[in-house]
Amino acid sequence: MIDWLAAHAPTLKHWLILSSALFAIGLYGVLARKNAISVLMSIEIMLNSAVFNLIVFNRYIAPKGADGQVFALFVIAVAAAEVVVGLAIFVTLFNRRKTLDVTQVAAMKD
Amino acid sequence: MGILSVLVFLPLLTAFIVVLVPEQKWQRIRWICLASTALHLLLTALMTWRFWAAAGQNVTVDRKSLLTEVYLTEKFTWFERFGVDYYLGVDGMSVAMMILTSIIIFTGVLASWEVENRTKEFFALLFVLVTGVFGVFVSFDLFLFFVFYEVAVLPMYLLIGVWGTGPKEYSAMKLTLMLMVGSALILAGILAVYHYAGITTFDLIQLSQVQYPVDMQTWVFPLFFFGFGVLGALFPFHTWSPDGHASAPTAVSMLHAGVLMKLGGYGILRVGVYLLPEGAIQWALGLMVLTTINIIYGAFGAIRQKDLKYFTAYSSVSHCGFVLFGICTLNLMGMKGAVLQMFSHGIMTGLFFALIGMVYGRTHTRMIPEMGGLAKVMPWLAVCFYIGGLASLGLPGLSGFVAESHVFLGGFFGNQWFDAGVTRALTVIATMSVVVTAVYVLRGLAQAFQGPIVDHEFEHLTDAKWFEKFSTGTLIVALFVVGLVPWFLTDMIETSVYPILNRILQAGTLVGSN
Amino acid sequence: MAMLPEFILLSLAFVILLGDLFLPKTTMRQWGALLALLGLVGALGSLLLLPQDATLLGGRFVMDQITWWFKLVFLVAGLLVVGFSADLLSGRIQDQKMVLDSAAEFLAVILFTLSGMLYLVSSRDMVTLYVSLELATIPLFVLTAWSKRDELSEEAGMKYLISGALASCFMIYGLSLIYGVTGVMELTQLDAEYATHPLVWVGLAMVTAGVGFKVTLVPFHMWAADVYQGAPTLVTAFLSVASKTAGVGVLFHLYIRVFIELIPDWSPVLAIAAFVTMTLGNLVAIVQENVKRFMAFSSISQAGYILMGFLGPTQEGVVAILFYLLVYAVSNLTVFGVIILYSSSTRRENISEYRGLSRTHPGLALIMMLGLFSLAGIPPLSGFTGKFFLFSAAAKAGYYWLVVAAAVNSTVSLYYYLRIVRQMYIEAPDGSEVRVQMSWMPRMALGLALIGTILLGVVPVF
Amino acid sequence: MAVAMSTVFFYLLGALALFFATIVVGSKRIFRGAVALMAVLAATAGFYFLLGAEFLAGIQLLVYVGGVVVLIVFVVMLTGSLGLMEDTPSFGRQVVAGLGALNFFLPVFGVLQFSALPEISHEAVALPGADVIGELLLNFGKSGYVMAFELISVLLLVALIGGLVIARKGGQRREEPT
Amino acid sequence: MEENWKCLSELSWLIPGLPLLGFVLVGLGRRWLGEKLSGWLATLLVGGAAGLAVATAWTYFGYFGIGGKGPTVVAWSLPWVSYQELLKVSVGVLIDPLSLMLMVVVTGVSTLVHLYSLGYMAGDSGFSRYFAFLNLFTFSMLGLVIAPNLLQMFVFWELVGASSFFLIGFYYTKPSAVAASKKAFIVTRFADLGFLLGILLLAYYGFLMFQDLDSLQSGAYTSAGLQVLDFEYLTSLAVVNRFMELQGGTVLTVALVLLFMGAAGKSAMFPLHIWLPDAMEGPTPVSALIHAATMVVAGVYLVARLFPLFAGSPSALELVMVVGAFTSLFAASIACTQDDIKRILAFSTLSQLGYMMLALGVASPAFPLGFTASTFHLFTHAFFKALLFLGAGSVIHAVHSNNIWDMGGLAKKMPFTHAFFLIATLAIAGIPPFAGFYSKDEILLAALTSGHTWVFGIGLLVAGLTAFYMFRLYWVTFIRPPSSKAAEHAHESPWLMIVPMNVLAILSVVAGWVHFDDYVNSGFQYMVDHDSRVPLLASGAAVIGIGWSAVLYLGQKVKATAVARAAGALYRLIKRKFYVDEIYQFVTHQVIFRFIASPVAWFDRQVVDGLMNLSAAATRAMGVGLRTLQTGQIQTYSLWFIMGGMLVIFSIWITFYPY
C-alpha cells in the first residue's frame, strides 16, 4: 500500500496540471460571474494558481535558489495592492450605480 | 543657400509673411504675393540662364552617357543613418518644369485677384502647395522627392474644401484620398528600390547605377507607373480630376491641372523609367494601349460635357494621355514629346481655367448652354479662349502642335522591342483624337461665345480688367513662344532625355537577349 | 548615479505629498503642478547629462542607449501631461465640473507611475520587470477612476481594473512557465535549446497577451475604447502615450533582447498582428463620433504601425521604433493638448462639436491640424519621417505587402483625421461663443509639443 | 514513507482546492463564495507546506487569507450584497465561459502531456527558508532583489493613496449622482 | 540679271513676311490705326508682296530662261524644330516655276480682293478685323506655297484652314455662319488627319532608307544638308524608285492615298466637299479669294508638288483621276439646280477643281501633258472664278439678296458688272478667245492622248453642263426682266469695286494666250500631237450648253420649271445635293454623339466613379460592422482577450510544431 502510494507520488506534470486547472476555473469565473466582486475573487484564484506554479517550479527545477519564492512574495503583495484599488473602485461604483452587476454597467458602447 | 533652395523656399517664406499680415488689409496680401511670384519668375529666368551657361559648356554632351548631368547642385546629409540627404539639382527637364510652374503661379495669383473670404489662408496654402511642386522638380534624392510630392498634395484638400464651389467636400476628399493611395504605391516602390539596391542611399543617380534583378523590376515598375499615373490622370484613376477641378477655385485648378498633373508624368520618367528600364520595356506596350484609351476616352468624354470646367477637365485627361503615351513609346522623340506636352498642356490648361474663372466671375454660370454670344460683350476673353482652344487642338504655330507632332512621330517610330504594327495602329488611333478634340473644342466655344446673345443681362458685362489681361497675355505669349521658337525648349529637354534613353537601350540589350 | 531621474521623481512625489499635509489647503492646488513641472525638467536634464550606459545592482538596473531613449519619451510625455494639468488642478477653468480634486495626490500618483515606467525599461530580470510593470499599471486604474462628477469615470476604472488584472494573471503565469523552463530569473539572451521548448512558447505567448493588453494590440484592445472615453481626458492622454510606450518597452525587451532567435519564425505572426491591429483601428475610427473614443482607435492603429518595426530586427528597425515612439508621443500629446483645453472649457467631446474652431480659436485649430497631419504621416511633419523609416524597416524584412497595406491604411487614417479638419475649417461655427482660457503653463506645453512635432521631422535626430 | 504521505496529502488537498474553487465560481451567494475562496487559499498554503516552502505558506495564510479575503468580505457587507442572491448566469454565458476556460486548459494540458518536462528528484529537499529569502530580498549584489523590494513598497503606498482618494470621494462629499 | 536674281532671292522671305506684318499691325493696332488707315495699310502690304512676287518671277525666268524646267532653289531657310538626327525641320522659301506661278496668282488675286473689299466692306463693324484675317490668310497661303518640306506645308496648311475658319465665321452673330465655319474647320481637320498620317508614313520609311541611299550617292544628300521630309529628298529619283520597290509599292500607295485624302479635304473633293457650299456664309470677297482662287487649289498644288512620287504609284493616280472626274460631274449636275448665286458658283468651283484633279490623274511619266494642263487651268480658273464671285458680290451688294430669281434685268442697271460678268461667263464656258477655252482644251487633250477616253467623254459632258448652268445664271440675273423691286432700282457699284473686276476681266482674257508649257512643266520629256478635233468638240459642247439654257430660261414663261416637274424625283434629289449633308449630320450627331460620346460620359460618371464611391462605402460599412464588436460588456472584452491569447499560442503551435 505504502509503496503503491510512493510509486504514485505526484510528478511535476501533476502539479502543473493542478495549477492550470485552478487557473482555468478562475478563468471560467471571470467569464461567467456577473457580480464584480465575484469576478475579482475569480481573478484572485488565477493569481493564486500562478503563485502556486512558481513555488512548484522553485521546488522542482531550482531547489537550490529561492528566486521562485521571492517572486511569489512579490506577486502576493501586488495582488493585495490590486484588491485594495479594485474594491475602492467597486465601492464608489456601487454608491453611484446601486449595482455591481457587470452586465448593467455598460454605458459606453460602440 | 544656392539658387535652387531659394527658388524652393521663397513661396514658403511668402506664405509666412502673408500669415502675418492682418486680415482686413487683404488688398496688400495680393500685392505681396504678386511681388513674390514676379521675383520668382525672374529668379527662374536667372536659373535657366545659369543652367544654360553651365550645360552649354559641355555642349559635347556625349549622347552615350548613362548618368543624368545635374547642375547647380546643393547637397548635404540629412538622416545619414538611412542615407537620406538634401540633394537639389537641375537638368533639362526640371528647368522646363520650373519655368512652367513659375509662369502658372504668377498668372494664378493674378487670376485669383478677387478672392475675398479668408484671403490670408488661401494664399498661404496656395504657396505651400507651390513649394511642394517646386521641391519635386529639383530634388534628386528619392526621400526628399517623396516629401515634397506629399507636401504638394495635401493643401489641395483645404483649398478645395474651403474655397471651392459645388460638392466641394466630396470632391476634395475624393481627390485627396485617390492621390494619397497613389502615393502609397509610390512609397512601396521607393522602399523596394532602396532595399534591392543594397547601398544605403536615396540618391537617384547612385541608385540608377545599380542593375536591379529583372523580376523585381516587373512588379516595382507598375507600382511607380500606376502610383504616379493616378496624379497623371491615367485612365481608370482619373475620376478625381473632373470633380476636383470643377469644384476647385480658379487659381487652385489652374495650378493643379497645369502643374500638379505634370508631377505624374515627370515622376514616371524621372523615377520609374530611369531606375527600372527593364521593367519599363516589359510593361510599356501594354500601358501604351491603356494610355491610348486614356486619350480617346478623355476626348469623347469632353464632347457631352455641359459645364465648362468639366469640359476642360476631360480635355486635360485626354492631353495627359498624350504625356503618358509619349513616355510609353520609350524612344527619344516620344519622351521628348511627353515633356513638351507637359509644358504646353500646362500653359494651355492654366489659360483655360483662368479664363473660365474670369467668365464665371462675370456670368456666374459655367453651363455652356446658358451662355451664348459672349464674344460681342467680352472680346478679349473670347479671343484668348479661341487661342487656347486652337492650341489644345494642336494648331501649328502654337505649342500644342510641336508637342503632339513629337509624340506622334515617336509613336510611329516605336522601338525595336515592340511589334511595329501595334505601335503604329495605336498611334493612328491617338492621332484621331486630334479630330475629336477639334469637334468638342469648336462646339463648346462656338456655343458659348459665338452666335446671338442668349441671356439679356449679359449685355452689360465688362471685358477683362488689367490684371486679367496681364495674366492671360503672359500665358498666350508663352504658347506662341513655344509654338514658334521651340528649339530653346527642345534642346534643353533633349539633354535630359538622352541618359534615360541610353539606359533603356542598354537595358534593351539585356531584355532582348534573354 | 544612473538612477538619478528615478530618484528625482520619487523624492518630488514625496515632497508634494508632504507639502499637501503641512502647507495650507490651496497651495498645492495652485503650485503643485509648477513644482512637478520643475521636478520633471530636472529629471529630464539629469537624463540628458547622464552617461548613456551604466549597470547598477549587479545587472538588475541597466542603462543603455535604447533604455535612455525610452526614458526620454517617458519624461517628455510626463512633462507635457503635467503641463496640461495645471488649470484642471488649480480650478481656474470656467467649467467647475471638470476640475480634478485632491491635486497633490493626483500629481504624486502620476509621478509614481512615471518612476515605475523608468524602472521598467531598466529592469533586466523577471521580478523587477513584473513589479515595475504593475507599478506602471495599477496607479492608472486609480487615475482612470479619479474624476468625481463624471459617472463614466468609475465604469472606465472598473473595466480597466478587471482587464488589467486578467492581463497581469496571464503575465505571471507566462513568466512562471518561462522561469519553470529556464530555472533562472534573469531575462537575458536565451540560449537556443530553451527557445525551442514548447512551454517557453506558451509562456511567451501568455506574456505577449499580457503586454499586448497594455499596447492595445488587436485581440487585446477591447478595453481601450471605453477606458479612453471614460477616463478624464488628461489621464487618457497619459494612457495613450506613456502606458503604450511602457508596453512597447516590455515587448522590445522580450522580442529584441531575449527571444531574438524566435523573430524569423514569429515575424509572420507579428506581421499579421500588425496588419489586423492597424486595419481594425483605422476602420472603426472612421465611424466614431466621440473624439476621445476616436483617439482610442487612432492610437490602436498607431500601435499597429509600431509593431511593424519588430519584423526585421535589424539595426534600422530598432532605430525606427524608437524614433516613431517619440514622434507618436509628441504628436499625440499635441492633439490631446488641444482636446483637453477645448473640452475642459466647453465640455464638448463630439467631433461635430468642433465645427468652426478655425473661426473661434484659429491658433488651437492650426495646432490641432498640424498634430493630426503628423499622426496621419504627412510630410514635412515628424509623423511622416517616423512612418517612412518604419515602413522601410518592414520592407527590409521583405514584407512589401504589409508596406503597401500600411500605406493604404495611413490613407484611410488621413480620411478620418481630415473629418476633424473639415469640421474645424469648412463648417461654420455654431455661434456659442465660449472662449478657451489657458494659463501660461498649458500654453507653454502645447507650444513645446508643437515644436517637437515639426522639428523632429526635419532635424536629423539620429 | 514521507513520499507516500505527500501523495496522500497531494490528492486530498488537490481535491479540496478544486472543490472549493468551483464553489467560489459557481455559488449563487457571494458571501458563500468568499468563504470558499478562503478555503481554496488555505488549501494552497497546505501545498506550500507539502513542497517545503513553509515561509511562503505562512505568508499566504497571513496576507492572502487574513488580509485580502477579509477585505473582500468586508466590502461584500459594505455594498449590501450580503444576502444578494446573484442569479445564475444564463446557460449561454456558462457555455461560453466554459469554452473559454477549456480553450486555455486543453492546449496547456496538451503541452504538458507531450513536451519533455525535466525529470524531478523526489527525495525531500529542504527549500531555502526565510533566512535565505530575507538575504535575497535585501542583497545589493547580482542576485539580489532590493530594487523590486523598494518598488513594491512604492506600489503599496500608491495603492493605499489611490484607494483612499477614490473611496473618500464616495463617502465624504457625497453629491447626488448627476 | 544674275545679281538682281541673287538679291531678290535673298529678299524672297519678304513675300510672306509683308502680309504677316500686315496681320500683326492691323490685328493689334486696331484702336490707333482706325478703320480707313488699317484697310489701306493691309492692301498696300499685300500689293507690295504681289509686286515682289512678280519681280522675282520675272528675274527667275529671265535668269534661268524659259522652256526647260527651271531649277528648284531653296532661297532662304531658318531651322525651326529638330525632332531627331535626320528629322530637322526648317522654315524656308523654295522657288521653282510651280511655286512662282502660284505666288503670283495668290498675291495678285489677294491684292485685287483687298481693293474690292475696301468698297464692299465699307461701314462694317469688324472692318479692321476682316482685313487682319485676310492678311493672315494671304500669309499662310504663301507660306504653304513656298514650303521647302512637307511638314512646313502641313503647318501652313492648318493655318490656312484656321484663317478660313475665322473668315467664314466673320459674321459670328449669325448662327448659320458659326455653324458653317465650325463645319469647314472640322471637315478639313478630319482630312488633315490623313495628311498627317501620310507624313508620318513617309517620314518613317524615308528615314529608314536615308542612310544607304546617301552612301549610294556618295554623300550627296548629307552634303546638301537634306533632311528626310524635304521635297528635294522625297522627290529625288533614287528615293522614288526605292519607294516603288518597298513592299511592292503598297507603302507608297497607302501614303499617297492618305496625302490625297488631305488634298481632297482642302480642295473639297467628293466625299469631303460638304463644307464648301456652306462656306458661302462668309463675306463674298472672302469666297472670291479663298473659295475660288487660292485655298481650294492647295490640294491640287500638293499633288502637283509630289507629282514624281505620285508618278511612282499608278493606282494612286488612278484614284485621283476617278475622284476628280466624279466630283466634276457630280458638282456640275447640282449647280444646274441651285437658286442661290453663290451656291451655283461654289458648285462650279467644285466641278472645275474636279477638272484639275482629273487632269493630274491622267498625267503620267509617259504622258506628262496632264500636269501642265492642270496647273494652266488652275492659273486661268483663279482669275475668271474670282471675277465671277466679285461680280456676284457687286450684284448682291446692289440687290441685297442671294437668290437669282429676285434679280433680273441688271444688264441695263449695272453695265460694267454685266460686261465683266459676261466675259467671265464666256471664259468659264470655254468659248475660244477666252482663257477658259485654252486650259480646258489642254486638259481634254491630255485626257484623250493618255488614252483615258471615258474620262475625255465625262470632260466633254461637264464642259457642256458648265456652259449650261453658267448661262442659266447669266440669263436670269442680267437678261430676264427684273422680278423684284430691289432689282428695279439697283445701281452700279462704286468704282473701288469696278477697277479690280476690270483688271480681272483683262486677265481672264489674256491669261489663256500664255504659252504655259514653257513656264511650268513636270520635267518629263514628251511628244504630243495636237489633235485638232479636241478644241472643236469642246467649243461645240459649250455652244450646245448655251443654246439649251437660252431655250429653257429666256422665254416669257420659264420652261425650266416644267422640265423640273417632269424630272420629278430626280430633280428633287439633285436639288437637295443628293442628301449628302443629311447623311453627315446623321453620322455625326446620331451615331457619334448619341452612341459613343454620351455612353462614354455616362460610363465615366456611373461605372468608374461608381467603383470609387463603392470602395469608400465598403470601407465605411466595415467600420460600422466592426464597431458593433464593442458591446461595452467587460465579459466580451475578456472573452476576446482569452481567445486572442489562445490564438497567439495556436499560431505559434502551427509555426513550430512540425519541427
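By written order: A, B, C, D and E. Residues from 1 in each chain.
By definition in this document, contacts are C-beta pairs under 8 Å (C-beta built on N, C-alpha and C of every residue); 3 or more make two chains touch, one makes a residue touch a chain.
Every value quoted in this text rests on a predicted model; they were computed, and no experiment measured them.
K.L.:
From chain B, how many touching-chain steps at minimum until you land on chain D?
P.N.:
Contact-graph shortest path, chain B to chain D, evaluates to 2.
K.L.:
Suppose every chain is reduced to the average of its Cα atoms; which one is closest to the average of all protein Cα atoms?
P.N.:
The most central chain here turns out to be B.
K.L.:
Report the chain whose CA-based centre is farthest from the CA-based centre of chain B.
P.N.:
D
K.L.:
Centre-to-centre on C-alpha atoms, which chain is most distant from chain C?
P.N.:
E
K.L.:
Applying the contact rule given earlier, which two chains have the most C-beta pairs between them?
P.N.:
Per-pair contact counts point to A-D as the maximum.
K.L.:
Can you give the whole-Å distance between the Cα centres of chain C and chain D?
P.N.:
Spacing between the chain centres: roughly 31 Å.
K.L.:
Using the average of all C-alpha atoms in each chain as its centre, how far is it in Å between chain A and chain C?
P.N.:
28
K.L.:
Between chain B and chain E, tell me the centre distance in angstrom, where each centre is the average of that chain's C-alpha atoms.
P.N.:
36
K.L.:
Using the average of all C-alpha atoms in each chain as its centre, how far is it in Å between chain A and chain B?
P.N.:
Centre separation, chain A to chain B: 67 Å.
K.L.:
If a residue has to touch 2 or more other chains to count, which residues of chain D qualify?
P.N.:
Within chain D, residues 93, 96, 100, 104, 107-108, 112, 117, 143, 145, 148, 152, 155, 158-159, 162-164, 166, 169, 177 contact more than one other chain.
K.L.:
By the touch rule stated above, which residues of chain E touch at least two different other chains?
P.N.:
627, 629-630, 632, 634-635, 638-639, 642-643, 645, 649, 653
K.L.:
Which chain A residues sit where two or more other chains touch them?
P.N.:
Within chain A, the residues that touch at least two other chains are 16, 23, 26-27, 30-31, 39-40, 51, 56, 61, 67, 70, 74, 78, 81-82, 85, 88-90, 92, 96, 102, 105-108.
K.L.:
Let me know each pair of chains that touch one another.
P.N.:
Listed by label, chains in contact pair as A-C, A-D, A-E, B-C, B-E, C-D, C-E, D-E.
K.L.:
Chain E touches which residues of chain B in the complex?
P.N.:
174, 177-178, 236, 238-240, 242-243, 297, 300-301, 303-305, 332-333, 373, 375-376, 390, 393, 395-397, 401-402, 405-406, 408-409, 412-413, 427-428, 431-432, 434-435, 438-439, 442-443, 446, 449-452, 486-487, 490-491
K.L.:
Given the complex with chain B, which residues does chain C contribute to the contact?
P.N.:
316, 319, 373, 378-380, 384-385, 388-389, 391-392, 395-396, 400, 403-404, 407-408, 410-411, 414-415, 418, 421-422, 425-426, 460, 462
K.L.:
Quick check: in the complex, which residue numbers of chain B touch chain C?
P.N.:
77-82, 143, 146-148, 150-151, 154, 157-158, 161-162, 168-169, 173, 176-177, 180-181, 183-185, 187-188, 191-192, 194-195
K.L.:
Which residues of chain E touch chain D in the complex?
P.N.:
Residues of chain E touching chain D: 635, 638-639, 642-643, 645-646, 649-650, 653.
K.L.:
Report the residues of chain D in contact with chain C in the complex, numbered from low to high.
P.N.:
Where chain D meets chain C, its residues are 107-108, 111-112, 114-115, 117, 140-148, 151-152, 154-155, 157-159, 161-166, 169, 173, 175, 177-178.
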